[in-house]
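Taking it in order: structure first as structure tokens, then the write-up.
All chains are identified by letter, namely A, B and C, in their written order; residue positions are counted from 1 within each chain.
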Amino acid sequence: MPRYLRIVLLLTPGLGLVVVMMSMVIYRAVAQSFGLYNFGGEDILSLAHWQEMFDNRRYWSALRWSGYIATTSALLSVALAYPLALWLRRPFFGSTILSAMIKAPYFVPGLVAAFLLINVISFHGFVNEFMIWIGLWDKPVRMQNDENGYAIIGLQVWKQLPLAFLLLLGSIQSIPDSVLHAAQDLGAGTLARFRRVVLPLTMKAMQAALVLIFIGAAGDFSFQAIAGPARKNSMATLMTQLQGSNYSDWNGAAVVGVTLMGLSLVGAVALAGFVQLMTKFTENVR
Amino acid sequence: MKRRHISTILAIAVSFALFFWLAIPFAMAVMWSMVDPGHPWSYPDILPPKLSFERWRVVWETTSLPTAMLNSYTLAPVAGICTLLLAAPTAYAFGREEFRGKAIAQVVILIPLVLPGFVTAVFFASLLLSLGIFEKYPAVLLGHIVLYMPYAVRILSVSFSQVQDDVVNAARDLGASPFEVFRAAYFPVLKPGIFAAFLIVFVLSIEEFAIAFIVGVPDFTTIPTILFSYLGFEFVRTNAAVVALILVVPNVILMLVLERLLQSANPASVSGKG
Amino acid sequence: MGLEIENVGVRFGSFEALRSVNLTVDDGAFVTLLGPSGCGKTTLLNVIAGFLKPTSGTVRMDGMDISDTRPEARDTAMCFQSYALFPHLSVRENVAFGPRQKKVPKNEIVQRVSKLLDQMGLDIHAEKLPNALSGGQQQRVALARALAVAPGIVLFDEPLSNLDAKLRDQVRTEIRALQREVGFTAVYVTHDQAEALAMSDEVFLLNKGVVEQSGAPREIYFRPRTSFVADFIGAANLHVGKIKDGAMATPFGPLGVRGADALNKTVCWRPEVVRLGGDLQGAVTASAFQGGHLDLFVSAGDQTVRLQVPGSHEFDVGDEVSFGLDPENVVVLADEGHVDA
């Protein structure tokens, strides 16, 4: 059997299945957004569904909202994960249990995470009772479904911080001690070592963390549906609403779906580029 | 020595933060699940007035939770085995063969991970609709297989790459049949990877919500879709607490097992040399 | 820049890596810290660089106590065993790293870096990343990077151990030549006694956390103070016994010794100080022709000694051989010592 045929046969059941299914799904989304595979009427290739969406305020609002939630969650998770990863880089007494506790939320399914959080922040939940008890607040504060999405961002960080932590920790641990010593020996203080050695050497991990968290948060449905503000939609909740039983607007849902894929791509590229520029810049600041 | 003090204080502070981070949320879920239906827990009680497993019994007897659990726990192992079998040849090619475009192929396999889950779910549903497939179980199963193929391929290809050529050649040299070669040279090295891949697909399939919700609803319920029904329009906190715990506890235990397996899947412990 | 180490001790838990080390290095000197692995030489180097805070004692540079000075503020630069080059920076940027941190004016950095790169023959590799260079070239970059901060003291942590034998000799000569030319003080850690003898003005031989002996290479070699020194540096023949009337009785015959009468003493002599013919005698148990010379292993009773004689001689196993030693060349050791079987 020729070699290439052998390779193709080996790849077919796994990679082949994934490629066929995923490209069908993506093609489907794109085609439906342009009026093809129309369940309700005739297939007409047109921009009508896009135009309709562009005139829809809910579409723009959901796009802004998902972009905002995703960017904030990604940046916040990484910003919190960096110091933790630097701190837990070397083992010390209790460090294993600390890392395990940081990692734990990663294993909690999203729906459960949302439920756990709303118990804690509900009107008579733990946070309110606690703050009133210590006297910082004099009456309960409404935190669930808040208009700024703090609850959702909190959830995203709770669930995604472990991912950023693991990626950064691996990357930081792979910097040899001697390289850090060399920098110190040549006169670099703590901040300079971070800026000029640690940051550039962990840039790839930071990019990966930001991109993965951004994509995950941009496509979020559960947190939005459970803990998000009632009058706002994320791209995913808007899409399911449009496609769902009340509207059955598959084409509209397709426009939202394609936009969400676009948002993920653009966001990922933008964040990765931003990190690259920032690293170059801070590295060269004297 | 001052630095050591600072780090001790930091360790204590962070341990406290993590206590609130993990212990409080879970403790509240456990308490809510054990609120006795006859004695509601309401403001200003700090703790539920009476704890009982009555709520668990009620949820079990009056809702479709048993069906959902049956669905989830029959779907997950089948998804795990199918994914493993389909992933193995690709993993072998990634781990033990060199070919043009391998780097690209290794990236392409990750697409299901980066595509938003609900986009996949909605347009997978759309696809099924026009193909006229209305059988929910195989549809959700296929969705899970495709979605979690990347994990299985990744883990197994690492395992395959750790099989040593020398050992394979030695087995053949000593006259082993292909099956014997697999048993002697491949299987011991692959074993932790096989278990790990199966476990991760199993756990993720149990948790999966998007496809189960979009494709399966209303006639195919799984544990997450039941949970969502208590969290969405009709918010029933006590029922949600019961279902959430049923969903999360086995998975956390399995994940701990998985982490052990992934650790033991490292080359030093498998090949016996560092 | 001069360096003084006074009563420095380092303790890791219950393990004493260094026990009250004292040493003085003159400005512009090239000294080596020599010893087997685990003797504390690298620990001492890390104390000098400031990476490790000693449990006790003081470190002074040019008379100033720097025990509490952070590494980045010390006037030292280290060449690491693993080179520790910054993988994300080009060769030029690696070399410029130090001067940039020390806020050297920009145009001076450019000049200084270019000059060093020229000097080291690295100018054609200036824009490459470290991974694209060979081991020897990386070693040079590490040295250039250390010298770029114009340090008072350059610390070398076994810098040649990752190079092959031939390159090692070449780089060794280069380092020494450069040190003479630039005039920095060098503290060089190695476990290779040949390297230490060839390079140093002064050798500090460490064993189990203390300086066992220090001195010029010749002194260390020909006048070892203890059996450890005699054994660690080069090949040595040791005898234990009673010294009476300027001689020690050995299975080979009476060995002339310049020393006072004593009951239990160890004496030592080097294989190459022997001459053929004399009042000591033994049987050849093995011989190895080395080109320029011949190594002979000669036994009598339960002892074996090693002799080095000109390569023109020929011996067969079993031959009786008689040899003699000038009492001048037999060193009486300070410790009671032991003779390895």
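By definition in this document, a residue touches a chain if its C-beta (ideal position, glycine included) is under 8 Å from a C-beta of that chain, and two chains touch if they have at least 3 such contacts.
Worth saying up front: this structure is predicted, and the values here are computed from it rather than measured.
Taken together, the touching pairs link the chains end to end in a line with two free ends. Contact analysis places A-B first among chain pairs (by count of C-beta pairs in contact). For the pair chain A and chain C, the distance between mean C-alpha positions equals 56 Å.
Chain A and chain B have Cα centroids separated by 19 Å. Against chain A, the residues of chain C that register as touching in their complex are 49-51, 70-74, 76-78, 80-82, 84-88, 97-98, 100-103, 145-146, 149. Taken together, the chain A residues at the contact with chain B in this complex read 3-4, 7, 9-15, 17-19, 21-22, 24-26, 28-29, 32, 37, 39, 87, 92-94, 98, 101-102, 104-105, 107-112, 114-117, 119-120, 124-126, 129, 158, 212, 215, 218-219, 221-222, 225-226, 235-236, 239-240, 243, 250, 253-254, 257, 260-261, 264.
By the touch criterion given at the top, residues 7, 10-11, 14-15, 18, 21-22, 24-26, 28-29, 32, 42-44, 46, 85-93, 97, 99, 105, 108-109, 111-112, 114-120, 122-127, 129-130, 142, 145-146, 149-150, 152-153, 207, 209-210, 214, 224, 227-228, 231-232, 237, 240-241, 244, 247-248, 251-252, 255 of chain B touch chain A in their complex. The touching residues of chain A, counted against chain C in their complex, run 176, 178-179, 181-189, 192, 196-197, 200-201, 286.
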